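Two complexes follow with subunit A in common, the first pairing it with subunit B and the second with subunit C.
So, the complex of A and B:
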């Protein structure tokens, strides 16, 4: 399981889960689940286009996910935010389908882009992934306090001179970067589960920001490690295990909270 | 043009596509009014697992899409979506689990039954490859949805626009929510069959989103949504058919054209109505200026 061709996958998976939990924490408290679902799919045609043009897939992913962030903000401005997000998402998926139909290796390519390819991490891919993860972590630590304030008490943040529009842009850019690095490994669809499942489970167990952030990281790491191991043993797609483990964690955490709250009916002050 | 209309796959595509357009425009208006665009999208995505399973077990794809969409709908209802802020999360979790299942079924499709095209046709649709036997089930689904919505039109509209007022009027929000999910599942299944499970959202929310901007009356909005959806589907089928000649033998997928056209119509409706409002406001202001001495 830890043979040489698997090492890259383990390293990349660990780094991805760490930043996914950090950014996912804010996805949950900012209620941006739909955006977190849309951006990975926005990046999907990037990989297809890069494949078509023969350039590094990372360039394609970053270009398209950047376009996704800009268009998402524009569309949210002119109409209902959820309708705009949904339409942008299907437009990008449609463009991705078009690009893929132009290549000869249509079907297997679609599958590995959407649902992940465990052995898809080459030495050349590993460094960009690690670089992006380091960058995201550093930015996250620097802006943690203002972002937390803006996400939980927007009015208070505005009083302190924190621009909500700028925070939104920074948050979406971080989301886009995580997406671009995670997409080749876990696939466009399941990046989203990794972003939402572990942090949502963590937040139903603790309302304290740092404690639930730590829990989210632990959940995300155990989720991706077991997914890689199970996928290695059974040969089934890694996306299946990520999706199921994420949903399982959330359901367990929810039922635990439900059960323990019924035991002692304390009025919970949910600040965040 | 005659060659286009007399071709057998084109006829099937036009009929099934029109069914998808009509049903989704009708249900889409309710979905968008209720602010359920994410849930509608999630149902469509999850239904892909049913489509993939239908290849595995050799049942009708329409049944596969429908079964999985209904299971997901009840799953979301069950996971506690009473609080609005937790609805997004529950939807997302069901969505993730469904897509995971879909990954597994598609993988098993490829390894056990050697249908390599399953991933593509389930996810992105292949309107020109739909078998003729699916025409009648699709028409039946349309009739069932129109009948249900026709019977419960007023309570459905009231629940979508203002749930509290509806409860006051004696409409049970739980039954209406269930009915809404039931017909949403039917709509999603027909759309998924036509343009693919992950692209079905386009038909479901695009025309409705544009139509709600064009008219404030629900009945008018439904009419506009149907017009937009039918135009997009027919034009998309025609363009995909002709694209074989435009790009010298490399036809572009029909789902791409339909999605791109819907996006275009949405943008037109958005900008058109905001220009119209601006123009109206300016003319009112200039009228006032004329009236002042």
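So, the complex of A and C:
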């Protein structure tokens, strides 16, 4: 399981889970789960276009996800971001289907970008992934405080000179970068689970901002490590395990919070 | 009191929004330790006035000075408590963390607590009586508690002027009384200057020193006794009104229906106790 051809997967998976938890923490607070679902799908037209033009799929992916960020920013300005996000999602899939139809070749890269591939991390892939993860982590920790205030109560943030538009742009750009780094391992459809499942579970269990952030990282790492191990033993796709574990974690944590909230009034009454 | 310089000086302020005149020639001064109520109906220009004081809207004419400088340059002297306070119940933020973000939310880095931060936060929590729910999730607090948390968030930077937008609007009687008591304590104990907007002046009468009464963008200002007079308010409304005193409460009503048209009567009714 830790043989040389698996090492890159372990390293990349660990780095991806870290940044997915950091950025996902704010995806959950900002109620941006839909954007976090739509943006990674830019990988599909990106990879298909790159395949068509014969360039690195990573480049095509960055171009399309970047365009997605700009579109979402524009949509935020004209209102009904939820509808716009849904339309963007389908637009990505439609354009991807068009590009794919223009080539008769079988395009394995496209499918591995969508669904992930455990052995898909070559040495050449690893360095860009680690570089992006390091960049995202540093930016995330640097802007944590203003982004937390802006995400909690934008009006109060504005009074302290924090620009909501700037925060939104930084947040979406970080989201796009995490997406790009995560795709080779877990894939476009499945990175979403890592972004929202562990942070939402962590925030249900801990009210402390930094402890819930740490807990989100621990949950995300547990998810990806278990998924890699299970995938290795069973030979089933890694995405299946990421999806199952993320959903399971979320369900357990929410159930616990629901249960503990129901108990609280009873405790208060008996204390009177 | 007047031998000090004012904390807030508004002179001949006129504000237009989208080509419409919202405020016309509004003037008033506020001194340290005063509580001023800004009274008016919806659409009278209360929120526009507050946003201009906060430096979020630029006036057409007139000046707003906070401390001794124009409003924009002295935002850190002002604490603001917005009307709509509704935290997400799942937000991973304790009351204490929200207050802390008022102190240095604009700075970079992770929000670790050091001794000085903890002290400042504890002081602000104590000032609003929020110690009991300091470690609770802010989104799970009641409306009145969330409001206290935001007041502490505004107080923690030790502003000299605290502005609250319709703080009594969504509170039950008990919470409203408790809030009025709290504002009274702030002006006495901390020499805070407080500006509060409200539809109804009555709950604030025990603690207020000054009154800015807004009707259609024009203001009458002074003490309650100076402003709430039939003569002054009739001039402001542009039709005759009466001021009734009953059990320490004040009721402003339009004069006999045959003299005032029905629309005017309805507009005035909102000012009752």
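Keep this in mind: the second predicted complex is superposed on the first by the 250 of 272 C-alpha atoms of A that agree within 3 Å, B and C clash if a C-alpha of one lies under 4 Å from a C-alpha of the other, contacts with A are read in each partner's own complex, and residues count from 1 in each chain.
FYI, a residue touches a chain if its C-beta (ideal position, glycine included) is under 8 Å from a C-beta of that chain, and two chains touch if they have at least 3 such contacts.
Note that the structure is a prediction, hence the values are computed from the model and not measured.
Asker: For A:22, using the defined touch cut-off, is the partner it touches subunit B, subunit C, both, or neither? Pick first, second, both or neither.
Answerer: Neither partner.
Asker: Please work out whether A:93 is in contact with subunit B alone, subunit C alone, both, or neither, and reply first, second, both or neither.
Answerer: A:93 sits against subunit B, while subunit C stays out of touch.
Asker: Go through the superposed model and pick first if A:162 touches only subunit B, second if only subunit C, both, or neither.
Answerer: second
Asker: Look at A:223 in the shared chain and tell me whether it touches subunit B only, subunit C only, both, or neither; answer first, second, both or neither.
Answerer: neither
Asker: Determine, under the contact definition given at the top, whether A:43 touches first (subunit B), second (subunit C), both, or neither.
Answerer: neither
Asker: According to the stated criteria, A:237 is in contact with first (subunit B), second (subunit C), both, or neither; which is it?
Answerer: first
Asker: Once the shared chain is lined up, is A:144 touching subunit B (first), subunit C (second), both, or neither of them?
Answerer: The second partner, subunit C, only.
Asker: Applying the document's definition of touching, compare subunit B and subunit C: which contacts more of subunit A?
Answerer: B
Asker: State which residues of subunit A lie in both footprints, the one left by subunit B and the one left by subunit C.
Answerer: Shared contact residues on subunit A (touching subunit B in one complex, subunit C in the other): 28, 31, 200.
Asker: Touching residues of subunit A toward subunit B in the complex: what are they?
Answerer: Residues 28, 31, 33-34, 36-37, 41, 78-80, 82-87, 89-91, 93-95, 97-98, 101-102, 106-108, 110-111, 114-116, 187, 189-190, 192-193, 196-197, 200, 236-237, 239-244, 246-247, 250-251, 254 of subunit A touch subunit B in their complex.
Asker: What residues of subunit B sit close enough to touch subunit A in their complex?
Answerer: Result: residues 32, 35, 37-38, 40-41, 45, 79-80, 85, 88-89, 91-104, 106-107, 110, 116-120, 123-124, 196, 198-199, 201-202, 205-206, 208-209, 213, 250, 252-253, 255-256, 258-260, 262-263, 266, 270-271, 274 of subunit B touch subunit A.
Asker: Which residues of subunit C touch subunit A in their complex?
Answerer: Where subunit C meets subunit A, its residues are 54, 56, 75, 80, 82, 85, 87-88, 90-94, 97-98, 101-102, 104-112, 135-137, 140, 150, 153.
Asker: Can you list the subunit A residues touching subunit C in their complex?
Answerer: Contacts found on subunit A: 28-29, 31, 141-146, 148-149, 152-153, 155-162, 200, 202-204, 206-210, 212-213, 261.
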